[in-house]
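Look for chain A in each of the two complexes below; its partner is chain B in the first and chain C in the second.
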Partner chain A sequence: MSQARFLIRRSLQGLLVVWGVITLVFLLRFITPGSPVDFVAPLDASPELRAQIAINLGLHQPIYVQYFDYLFGLVRGDMGFSYIRGRPASGIILSRLPATIELAVAATIVAIIFSIPLGVLSATRRHEPTDYAATTFSLVGISTPNFWLGIMLILIVSVGLGILPTSRRPIGLIPALEMLIFQLQISGIRTWIAHMILPAVTLGTYFTAMIVRLTRSGMLDELGQPYVKAARAKGLPETLVTYKHALRNTMIPIITVLGLQLGSLIGGAVITEFVFNWPGLGTLVIDAIVVRDWPIIQGALIVIGIGFVVINIAVDALYTKLNPRVSYE
Partner chain B sequence: MISDRVKKSLKRELNHSLMAKIGIVLVLAIMLMAMFAPFFAMHNPTQQQLDRAHQPPLGVTQTSEEFRFVDGERQIQEVTIQGTAEHPFGTDSLGRDLFSRVLFGARTSLMVGLFGTLFAVGTGVSIGLVAGYYGGRVDDSLMRFADIMLAFPALVLAIALVGLLGPLTVRIPDPFVAAGLVEGMPATFVFPITLTIVVGVVNWVWFARIARGEALSIRQEEYVKAARSVGASDWTILRQHILPNSLTPIIVLATIQVAAIILLESSLSFLGFSGTTLSWGFDIAQGRDYLGTSWWISSIPGLAIMFAVIGINLLGDWLRDALDPGLSGEGGV
Partner chain C sequence: MSVHTGEKPLLRVEGLKTRFFTEEGQVNAVDGIDLSINDSEVFGIVGESGSGKSVTALSVLGLIESPGRITDGHVWYRSPELVESIGADEPSAVDGEYVDLQALSPRVRRTLRGTHFSMIFQDPMSSFNPSLTVGEQIAEAVESQQRARANPRSVASRTQGYGLSSFIMSTVMPSKRYVKEESLDRAIELLEMVGIPDPVLRAEEYPHEFSGGMLQRAMIAQALAGEPNVLIADEPTTALDVTIQAQVLDLLLELQEETGMTILLITHNLGVVARMCDRLGVMYAGEIVERGTLHDVFNDPVHPYTQGLLGSIPDLDGTRDRLQPIAGNVPSLLDHEMPDRCFFADRCPKAMQECLEKPPEFGIAESSSHATKCYLARTSYDETDALTEDYFSSETAETQQIESDGGTQ
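And now, the complex of A and B:
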């Protein structure tokens, strides 16, 4: 099968999964105890007022009518109106999306920058202090709850040393870049970076630890292979053998597992946002759950689900590109 | 049930792995802590003593400024409090003993970790075995459903489910208190039911995938065909032939999942969705407001989570290396 056909098939499967996600999220409201009206109506509301509110929210319709209304709304980009803020849910969700993406990307960059060199060093200097330090770090890293790590970083770096800011950031990446380009002011981007460091490290540590583990075991496997011996025998410098030959083959299992672990990146982002009061999707969803703001809950969960499916397809495509032995099946 | 070969290989791996030994010691320590919490605890973990609030851990001296009324006038005074052996881990903002809270918190984490994993194993393995054994349309529909489940990050789904369904809990009587062996301890243990089911629900897919894969390969084996030809029912074949042969990877994954579920439980408790207040995650959340003054309230319970999870992860590594060298360390939340 060609790559294009593979991608089309994979996208169609993804579409099916997205439809399932939407249906599941829609049904969530009906297995939740209590009516949405309880959270919207005043405490002393008369039965007539409550009935009127239910009609305004469209809750009086049979469930299948509500379902198709919702589905057709989604196709037009309409997720309903937030019960609490009265504005379109889709607009609120979209405005929160950049902060979450910036956080996830920054954490991934942190993870890749630190983990792969550390994993390689750990494997090439097996049973040396570097190796023990790296394996200990990775064990602690995968075992530390990231919300606690975030709080400890706030405690040590912000409260103790007083260097980096902790809570709600004043500026996003795009406004900061606009400031830089149009007003030639660097202060925006500096503020942005200062607010990004702790959350990115908090979210990235688990992945750094995980990739160190994977890189180390993968490199140990590869360095024992005959082709590495052959490369050494023909006199290639060790750096070239390590980084060009062995590391390249190690990347394949790393990417596979990273794809599987994307869910924990998104889940981790939700709780990291909560710790740092980050204006992203995660804090939005948690706040909305507490007040039962259904259009926001549903919309945000669907956006997260779609994002996850899309990234997974991208990882699959990357994977088949990196590993020519994998057929597009 | 455990063959001699397996025992031997477990022992050999244990003998030359320091990490495995550390793991076993850590896990045993946490299990003992959880089981005998009422004996080790020096205070009732839920008892508030406001005059003892914010006491630092043993060996720590804390100086803070406090408003005091002296002769009817408000003055700022420097107050120095020293940690005492009475409260080795210090006290929280309501004067509750943190050492006792850490001990009892181990109960919540381990109970949710064990029962949540059992629930995930039970559902996942049954669904996976059925899907793999029957194949065809049953397999297709079950696995499509699994794909949809996997499209939600486990933590996000768990937050939504627990947050929306509401925290249902049961109170389980403490056997030691009921038997009159200890006094002054909570008579019941609050077991978060919704939370336990939800952490199981968001994790069953991993077990289903493994069980399905095993069932798919084993059902082609000669001995399964032989059993079928002598008239064994599907149920017998699944239970007596396929299940025992797919146990190894399931046990290894289950061990690692206990660690993942403990992390998940602490996250949900941290957000305040668990329904119990005796949990490591809950205490970390409480301490957030006092980071500037009482750093220990958030720090110490987090260390407890870390040691518990490190222990279980090391145990999982040991089982994996001993039982099945071919397995890679995938899976998890």
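And now, the complex of A and C:
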């Protein structure tokens, strides 16, 4: 099967998954107690007003009609109207999306940059100080709660040393890049980086620690394989044996985990976003849940679901590239 | 096949000891072996599983990994060319025309792999990287040997200018890749040489798309990439179908005749030895117990272990009713469990009191071509010297008695 057909088929499967997510998310509203009207109507609203609001919200119609209305709305990019914020939900969600994606990608990049070399060193210098340092780090990193690490970093780096800003960033990556390109001003991107470092480190630490362990054990496994001995026997330099041969095969499971993690970061960076007052999806969902802002909750969950599906398809495509034994089937 | 007698051997292994320091204790995998291998001969090392054959091979290549270590001995390799290129840097490793591989720095030693020494392994499927094409892997061998030969003395040849940064660059820029186009072409030539049809197409395939026999041919091609002087073949046919085994062996012999390389063949299969070897050494419990020409050892085996091995070959004439297995198993090679006597004594049908007192050495009086670590080489067997049949079982019982006594205290 060719790669194009593989991607088309996986995309269709992905659409099915997204449809499932939408349906579940839609039904979620009906199994939670309380009517959306309660959150829109004033406390002293008359029954007539409440009925009118229900009609405005489309709540008087049968569920299946509401469902198809919602579905067709989604296809047009309409996620409903957030009465609490007084704006369409899709606009609010889309405005929060870049911050979340930037943070997730930055944390993943931090993790990849530190974890893979550290894991490789740890494996090639097994039972040496480097290895002990790396394994200790990964144990500490895995067991440190995110919120605590975030708060400590803010306390020490921002408040104590005054090096980096504490919270709520003033500028996103795209405006910062626009400033750099069109106005030739570097200050935007500098502010962006300064605000990105602590959240990315906080979010990336657990991730780094986990990948260090995966890389280390994977590398130890691969370095013990006969093909590594054969590669040494033909006189290859050790760097080539380590990186081109052993690491390549170690990366196969790591890519899978990286993909799953990146997916979960899009929805699951809630605590880190909260600690750093990050204008992302995580804080948006928390705020929306507190006030039962259903269009926002539903829309955000769907966007997160789509993110998961897209990343998984990308991982599968990459997987077949890395591992020739897996064909496009 | 050509036997050069009276010439200086190409490879002289002296008192080589390789130990593994495991949690259970020290394992004497190779326990002081001496070998001399001549130019352009096929030398066989025969023995049961666990007798130290493969460790011997890996020791010669310098590929012993932790927890293993070569603790003693020399591997003298005759190469005037090598003496000339490294003599100034490592004078302590040089003696006349010979270089002591053990005394070389690991980096210099690495440059000898592929160019001077090459190895083929037992299981071709696991000896190729599953995620790189066969052509690419053979081309790597070609490339590394070209780089090593281009400048054998420079520091660059030791890392071959290929560090982590080059690796990262190579993932983005094809021009920085380790393997160059010419090496891939050479890899295809090599595949053709070992008789792989459609080498251009096959080079693009991954190991799992090859059959075992074809992949073993590819491994031979890979080993020959650097035109090595010595090819170490570790059980090259064990993982193959019987019909393919003969093809691979014939290929090896053919290539040996063409190139004049020396082959160190490691096998447990006496049929393979008979077909391939000029001379052989029989290995038992980390020692060479008998060595000599194929003719000497097969027709006139002295050591009871060799006799036992030969006695356990099926005989198609039907003159023997049953095979005669050697009783017992290969002994534990743990240092603290190895007795100070002939290691074979407890399985030996002809063990004598003398065998228990002192381990036998290679006799001086024997001809240099055929030597045995056995007292029977100079005394003829007399049944009256034999130990009682239950000697070792009673001895074991005694030791166990002592151990359990010790345990209760």
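General observations
Just so it is clear, the second predicted complex is superposed on the first by the 322 of 329 C-alpha atoms of A that agree within 3 Å, B and C clash if a C-alpha of one lies under 4 Å from a C-alpha of the other, contacts with A are read in each partner's own complex, and residues count from 1 in each chain.
Assume a residue touches a chain if its C-beta (ideal position, glycine included) is under 8 Å from a C-beta of that chain, and two chains touch if they have at least 3 such contacts.
All values derive from a computational prediction rather than experimental measurement.
Applying the stated clash criterion after superposition on chain A shows that chain B and chain C can sit side by side. Using the contact criterion defined above for the overlaid structures, shared-chain residue A:Ile84 touches neither chain B nor chain C, since it reaches no partner. Looking at the shared chain after the overlay, A:His245 reaches chain C, while chain B stays out of its contact range.
In the superposition on chain A, A:Lys234 makes contact with chain C only, while chain B stays out of contact range.
By the document's definition of touching, of the two partners only chain C reaches A:Leu322; chain B does not.
When both complexes are overlaid on chain A, the residue A:Val21 reaches chain B alone and has no touch with chain C. The angle formed at chain A by the C-alpha centres of chain B and chain C is 80 degrees to the nearest 10. In the superposed model, A:Leu220 lies in contact with neither chain B nor chain C. Of the two partner chains placed around the shared chain by superposition, chain B is the only one that A:Ile304 touches, whereas chain C remains out of contact.
Touched residues of chain A were counted for both chain B and chain C, and B has more of them.
Across the superposed structures, the minimum distance from chain B to chain C, using CA atoms, reads 10 Å.
In the superposition on chain A, no chain A position is in contact with chain B in one complex as well as with chain C in the other. Interface residues of chain A, counted against chain B in their complex, comprise 13, 16-18, 20-21, 24, 28, 31-33, 139-140, 142-145, 147-148, 151-152, 154-155, 159, 213-214, 217, 253, 257, 260-268, 270-271, 274, 285-286, 289-290, 292, 297, 301, 304-305, 308-309.
Residues 144-145, 147-148, 150-156, 159-161, 163-166, 259, 263, 266-267, 270-271, 281, 284, 287-288, 291-292, 295, 298-299, 302, 305-306, 309-310, 313-314, 328-333 of chain B are the ones touching chain A in the complex. Note for the complex: chain C touches chain A at residues 58, 61, 63, 66, 110-115, 118-119, 121, 123, 126-133, 137, 140-141, 144-145, 148, 158-160, 162-164, 166-167, 178, 206, 208, 219, 222-223, 225-226. Considering their complex, residues 126, 225-227, 229-240, 243-245, 248-249, 252, 322-325 of chain A touch chain C.
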